[in-house]
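Order of writing sets the labels: A, B, C, D and E. Residues in every chain begin at 1.
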């Protein structure tokens, strides 16, 4: 599909055009960037390094009502999920992550909530010109300008955004905003490629994944696990902020007679996650839980869905309060193999 | 095994007490739709026999296993309904009461309001009752002994009754002698028998009874434990006189260097005593006591060359080295018989009690007319200039009673009669005197009272209805300013003497006992009984009973009657030898307890201790509750950060749904 | 059936009874779906389970403890453990239970045709084994016979007690009960299940052994089965892991790369033994 | 800080038979990161450091370590855990002693007098992080940053962590061994963060916190990192009864945060870890410090300074303030 | 805020003093606003401060905790603990923006039926002043 340019001055207008849709975009809350619905006069910031909390919530909200009911009745009401959503400016890794969780949510039985939301959501990505300190997307099959999972890709060319539709949904979106866009010439195309090449070069950290998915199970009792997990706090930071983590809990919440069953993000780093009521816990310590996290991403998921469930966004490493560094763990894994 | 909760809801009309402000039928109808409610009914008097039968029948017919009674305060009828459902085979702790009378119908006016609130309260009760747990009533041994605090007539009588029944009694009296106020009285209405004559034998009995350990000049310092097992510590104040050596001869008092310098408490200060003294001639025990505040030697460390008393005491009983002693013992029940204080008329300055020596109180009058009193029974007053035999005598009733301005709204119940009695006694001694009594009402409600009142009136005692507003001096006369409200005539009555018929007040020092035993005060500030009608001698603290004027003003017959009642009640645990312990005790979840011992430092009954348990091969410390000690206050639970300790029936899991029910139902 | 797999069907409890007593008592429910369509479309096989629950409280994964051969109803035997199971225990005949499923794989009953079946159960572990027993009894001609070993701590902890008497009347069925410690009036064996297995000394010849029970018991039963000469492929067991969705989304039930809710709960020992986490 | 002394002492302690491992700090994997070190033998002590980047409070590991079932026939490992503590960290140890979370003879405490650490977020903001691990040192009154071999002197005021500005106990209050001389204490500054919030009217305060708590993702890092949040089964995770719903929204987040803060009232020793680890950047320290200040000013109580003290929430004084009572 | 807004108040009363005081108000037919709903606990020391938070979250506009006067606690010192904990809570709530008018604590003895009335009136009036609690009240169930 043809490439186009959007003058940065027209950006607010572009956002404004998407009326009737729920538009999500990165915004600053003063200290940090986060994806949030765009309200009036709100400043969308595209010049950012990655939000702390990934935009996975657009398809898989942190808390989602599965259905409502009244106590005492067995009639349930399902959510309509008919709102059109546009996510603006998400990074290629986050978009790619959605394709990864997609596999699980459609494995055998479709997860209706994810699927419905996905149908209604258009993802407009923004290529990275300045990758972050701990980005290693290129090691796990992504890249600063990767388009997998996106409907539209944008790139910051300075004065203009380079804009290109990648899917029909993306095309429809650009059609709606056609009058704000101009056709891109070859130069623009080249400039975009140059920038992404440069961005790739700027990525300093990397992991070596060859042999890892097959090899990990063999390291079950390796001393590396107690070593790398000793300082883990068992907080959910790494998983909550991971764009490919998809685990959830289901709870019934009641308020008088009104009640709902909802699901919310859960984390395999929590001890309750696998705890049986009897007190038995198949993963009793942080060692087992850390091992599961790494294995799940780099081995089990590959085994089931043929893809590594890590997009190299570096969040877990950036935000782990005790410097548990997935890149370092993988280095040690590799060493132990 | 988990049973599905099947709740029966019983909404009481309480005659019209509830139903006039709460639409009880609407409430019951509403209740029927609440989760787990099987039946909801109303009845005119739920607590009555047919009311209880109704519940029992429903339990049988509908297989109910939880009961909610929406009626009066659980403080009133919880035991009643607990028993009723237990009779029907349901665990008595599967009961919850919604207080829709005291806290609803009686305090709200609009029926909409009342009904709406009743529904809410009921919703909360139903929410809770579903989550209650079955509890078991356990018992512990009770110590077959009693403590009686205060040895006025009430205390003496209780002690004698309990001792006669064969139980050990510790009778603790604050002052050096037993007897209390009654010992100060001259003759007693309405029969006019001499107070000392009827009291002294009892005082002696109490002192000599093999089952009574008399602890005079003593105070209870500490009470720990609970019904059946109170651990008591008593301070025996130093008398500085060897109890065993003193023969009560009184030589010391006669020789005391500060002889007859200090107001004699027993004579209401109308006479003087020495620093070493016997409160009154018939005092029991007849042992002298040194008043440490006034004794030269004790105060200044020096009394002449040698303390005089020490010099003269033939048995060398004086012992300045003596120190307070402590006695500790365990009892199963406690009777509080600490009596009253006469109203201090200084608080009504318009009556000039502080200014004019010929304005005296009824209590002083008792001493004045007493043959053993300071004047040997002669009625004489000092009018400021000279001592005279009064010709014109006025007695004023209700001084300090039924008087909002001094904060006492209650009637003191004895003044009408003792004022009449004193008028009679004055008439006896001063046949020519003009005696009048100013009064608001005459309440001659007791046995023989009306007859006595009639008799006094016939003795030429004038009753003038009016509440004097002021007493002042004119010349050497006192002027009583008053309006005769029957004739609406303002009067300025000139008299030689005024007797203030002071009322009875709670003892100024009652706080100490209150705090020791966790008692409360009723609005009149006397000790609060558990129920004004049904449990008049019980208190909120199990095993602690009230006797005499400590609970409220009363005359001697009533005092004695109540003392006997308290004795009987106190003897129940002693005789059974066992007391049921609180079933709503705290319990620790050892799996989650983190061993911080916060609960241990909190528990006021030291009911929690840390124990070491084996948790999968690891030794860990966890809290454990001693059920016999726990009173179920739940303070521990609020302090436990991990909610590992919870009082049964008041668990978080039972209270939070109550909160939800009250909040959500807006 | 409903499109949204998370939405449970309403079923009515027809009958309930307690199998065992005590703090962690087991109660059995016989339930029937309210909707006829659901009833007709529902099909399960021994080994499968269902998410059952109470709206407003939650759901728990519970083995279906009846065989489809028994009729158009479901049976669940639930041990009272926590929030949901407690709420389930409060249900009485006539009450509604919410059910979705069936989930998980089943015992390969077709593959086993012509073989001898040996079940070794302990405690509540008999719940997933009961459908096998019933299934084999209903299709006796297709199997070479059934041996059942079942034990519990005390006779009061044995589930399905009432049924054993009738069972032992069956020709092809031998039923061996055992309890941990001697009791008065106890007619059967005393001793632990793994030992009982050794004592019985069943031949591995053309036999499938299925075991389910407390982890400790399973470990020793597996050991003893090996001692008796059973091949890994002849041994089956079922796993129990915490799970929320039942359909492979919520994540937590995995034992390494196996999702118990989808790849299990029935596992052949040859697969399982490669998964150390399964025995954690 | 004399690194040689630190490592020498570390090696000695780690080598002790009665010591399971020694907790210290080591260089992290990149940038300004410092990671907790679990030193099991003398050799491991070579990587120990103590620098203005050592913000982490290692006392949390004393209670974080899961107690696994002891296999039958084996004895539980009762060896001591040794740990290095700054002033604030040592208060956590003391408070744990008060609460019987640990016994004194279960730990070996190595005190590190602390001239104050940096605020890592501020540092990264002003001096962007590099992938190469950087070093930092105390340099008299200043900090010395060494990145890619390049030294930058930064004034203390510029980077000092808020908790350190307010610190009243830079020298460990409990220790078995002290590394070096005590530092001179400094006058704690004003708590501007708290005062700023207090200066707002009640509605603006709510608005302020609403914005903050709205960001909470309920990762529970704040709780897990806290050395004094060590219940086996946190009530905020519990289903029966449910104190807070698990769904993530402003209401539940606020309830969670209030409950957490309240549970730390009179226990929080102001190490600032919760705020540091919060991925949502919620200024949790303000709440903790506000409570800590009230506990100090109104109740005259300071947690974590006296191992014999009665726990604040489990004690009272007859003259505790009651001006708020009707 | 609507003119006829009626605040919803949840009160925790100790069994021995305040609950008895409220009973006395009833026996004395002292009338007071019906906005108050009482939850009986054995001692004010039982009141977990988180109840207050929970009540506000679950639908209360105001919360009252009442116990015996200092020194009068049936369990000797429960009210002292309550005072300390709830005093801290009040500070905390105020700091996070909960109007201090929404939470009160009082000492009401078994003899203070009239004081109970005054306390209720004050609590209701304050809560009314503060308006419906929106703060962190659980929102209506939403998709």
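Keep in mind that, in the parts below, a residue touches a chain if its C-beta (ideal position, glycine included) is under 8 Å from a C-beta of that chain, and two chains touch if they have at least 3 such contacts.
Keep in mind that this is a model prediction, so the values were computed, not measured.
Taking the mean of C-alpha positions as each chain's centre, the chain lying farthest from the centre of chain B is A. Looking at which two chains touch through the most C-beta pairs, you get B-E.
Nearest to the overall CA centre, using the mean of each chain's CA atoms, is chain E.
Centroids built from CA atoms put chain C at 39 Å from chain A. Centre-to-centre separation of chain A and chain B, using mean CA positions: 72 Å. Distance between chain centres (mean CA atoms), chain B to chain E: 30 Å.
Chain A and chain D have CA centres that are 31 Å apart.
Each of residues 71, 249, 251, 255, 259, 284 in chain A touches at least two other chains.
Among the residues of chain B, those in touch with two or more other chains are 591, 602, 639, 652, 656, 660, 664-665. Chain E has residues 49, 54, 58, 77, 81, 85, 138 in contact with two or more other chains. By the document's touch criterion, interfaces exist between A-B, A-C, A-D, A-E, B-C, B-D, B-E, C-D, D-E.
Within the complex formed with chain E, the chain A residues making contact are 65, 68, 79-81, 255, 258-260. Listed in rising order, the residues of chain E touching chain D in the complex are 49-50, 53-54, 57, 70, 77, 80-81, 83-85, 87-100, 104-107, 119, 122-123, 135-139.
Touching chain E in their complex are the following residues of chain D: 197-198, 202-210, 213, 243, 245, 249-252, 254-255, 257-259, 261-262, 265-266, 287, 290-291, 294-295, 298-299, 312-316, 318, 320-322, 324-326. By the touch rule above, chain C contacts chain D in their complex via residues 82-83.
Those residues of chain A that touch chain B in the complex are listed here as 71-72, 255-256, 279.
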